[in-house]
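Okay, so subunit A shows up in both of these, paired with subunit B first and subunit C after.
So, the complex of A and B:
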């Protein structure tokens, strides 16, 4: 049964991924992308990695897609359609995509995957201990680095949002 | 796949005895889905009736009293009417997204119901990250509203959808953080385990001051997340027609409407599970009769639902700037402080345990 669910999910992901890049209406491709992301989170649920699946749903489906929809709604009128690219560009992109696909397929087929028999569900507790441990195999350094990165991006966003006000004030004082 | 379907052991065993394993588990899932759908479609309708009765009570009216005894069949009749109504649409709408949007809203609302433990036995999907799953699912529901508003190609609907997006994204933070405060004290994300922890006293008693603050923030933010008055800018009748669902009619409108009430039930159910002990009876008075848990769970949930309806008919609607000020300048900082306070209390072992 797991195999059947996997193939259904894979079909959903592939179908909507293609639909997402080939749709001419911008918001529709965003929605197709949402289905792709939901399908990926379904795969995580299938391998019993519930935490990552829920995070995938929250961050990508609930966060990124909502932001994308917002930006599309702000700039895009409902009757607008995207233009087709030039033929030369299309050929270039097709070649690049085929190249990427080839690299992926050779890597996947040349690597010998080891089938793991155990099915231990990783709990949130394990993840928490892993993130905060500073012994071998712990992730405290990347965790802290990411928090600094987040802080930096937040400050950056505030600066951009309040841009003119702050720079004007600085100019006056200078 | 490790789905624990622990609703009733008898049906489970019976299904597996007459069918091969694969088909039996699919049949079981379908059966449970149908049962949940049936229960909550009817429950949603009765919540609508309850809302109308409460509204009437607050305004010194009688409320619906013609169809059935005491108006009990009124909303059933309304639902039948909505099913038989014509589905209208606008010509220049984006048909695909326009038709898809109501399903987003109703499916996410129904998916969230699966993880609630109604009693020890009656829980469809006891996932080990239950609370996080609830947050994840509820963050998707807003997409349906945004899509519905945009694709109807109507300015009022678009404004309503934008307001809804702003509101839901902002208040999701407060809901998430207040739930996180309670996760700190319960030490688990699994809803059944959170209920287990409360056998030594409900979490609102165990966590005393920060838990009460978290509960207040949760109820305010939860009301805002379901787009209900006093936070119903999304469908403010006097300004926007009907907001994001202006162009919807018949059953598609009914989906939005039903989803709103199911979402209200979900917020109340999260509140019940996290703060008031879920299906546990007060002081364990009916501990020997486990199936009475449903009664306690639904009872507590309905009290919280009544509280939300009380808000609706008591407070005037907020302006959009007031709404955002409330969230970002008051609730969010309070919430962050509250988490630190709760962490201190758990760390110093100052919780009240019976």
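So, the complex of A and C:
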């Protein structure tokens, strides 16, 4: 059963990823990316890591995709076709990518992974204790740094996207 | 771990996803499309972290934490990149890579 679900998910992920990087319509490409991200979250559900699957659905499928769709709608006309690279260039890059993939796969398949048979579910409780533990191996410092980073990037994004300041002086000159 | 699926199959899928992302990153001419390809690459690496943790060291949690941190950094990066793209569009009315030569404010 898990085998069939895994192969279906893998097919969905790869097919829609290819569609997403080769589609000519911008908005469709974003929606294909949404399918890829949902498939990846299904993979996390399958691997018994429900917390990350929920994060994937909320942050990526909920947040990033909406942000991308908004920016596409603000920037493009919906029916506008994207400019693609030249065919010769695309073929060259595809061959180079396949070459790199071959190197990766030969490396992976020639290495003997020592797999530990288990069926441990990662609970949210374990993750919370690990993230907030300040003993050896705890992750409290990166956790705090990430929260500062998110705050800083939020302020930065607001300031950058706001653009020039509209004051009374600017209004007079318009 | 997933019953009946070896680690090799999952690593194959993530490698393919990674190189699709690389292909899109190089061939696309549009800033938003390039950002989407970067998302694909980051997602492939997150799956790798989780899978290697779950298959090889199931009683550890390091890969799990790193996957959360990668997602947080990727979300911050996307928000900033889209802010920059929208601001750029306001100034030069284009998001094509070849038109992007001013980054001065």
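Criterion: the second predicted complex is superposed on the first by the 148 of 174 C-alpha atoms of A that agree within 3 Å, B and C clash if a C-alpha of one lies under 4 Å from a C-alpha of the other, contacts with A are read in each partner's own complex, and residues count from 1 in each chain.
We adopt the following convention: contacts are C-beta pairs under 8 Å (C-beta built on N, C-alpha and C of every residue); 3 or more make two chains touch, one makes a residue touch a chain.
Remember, predicted model here, so these are calculated numbers, not experimental data.
Of the two partner chains, both subunit B and subunit C are touched by A:46. The larger set of touched subunit A residues comes from C, when the choice is between subunit B and subunit C. When both complexes are overlaid on chain A, the residue A:69 reaches subunit B alone and has no touch with subunit C.
Judged by the touch definition given at the top, the superposed model places A:2 against both subunit B and subunit C.
Residues 2, 46, 48, 55, 63, 119 of subunit A lie in contact with subunit B in one complex and with subunit C in the other.
Across the interface of their complex, subunit B is touched by residues 1-2, 5, 25, 27-28, 31, 34, 45-46, 48, 50-51, 54-55, 57-58, 61-63, 65-66, 69-70, 73, 78-79, 119, 121, 123-124 of subunit A. Against subunit A, in their complex, subunit B makes its touches with residues 1-2, 22, 25-26, 92-94, 96-97, 100, 127-129, 132-133, 135-137, 139-140, 142-143, 146-147, 150-151, 153, 158, 161-162, 165, 169, 172, 189.
Of all residues in subunit C, only 1-13, 15-24, 26-30, 32-33, 35-37, 39-40, 43, 46-47, 50-51, 54-59, 61-62, 64-65, 67-69, 71-80, 82-87, 89-90, 95-96 touch subunit A in the complex they form. Subunit A contributes residues 2-3, 6, 10, 13-14, 17-18, 20-22, 26, 29-30, 33, 36-37, 40, 43-44, 46-49, 52, 55-56, 59-60, 63-64, 67-68, 71-72, 74-76, 82-85, 89-90, 93-94, 97-98, 100-101, 104-105, 108-109, 113-120, 122, 126-127, 130-131, 137, 139, 142, 146, 149-150, 153-154, 156-158, 160-161, 163 to its touches with subunit C in the complex.
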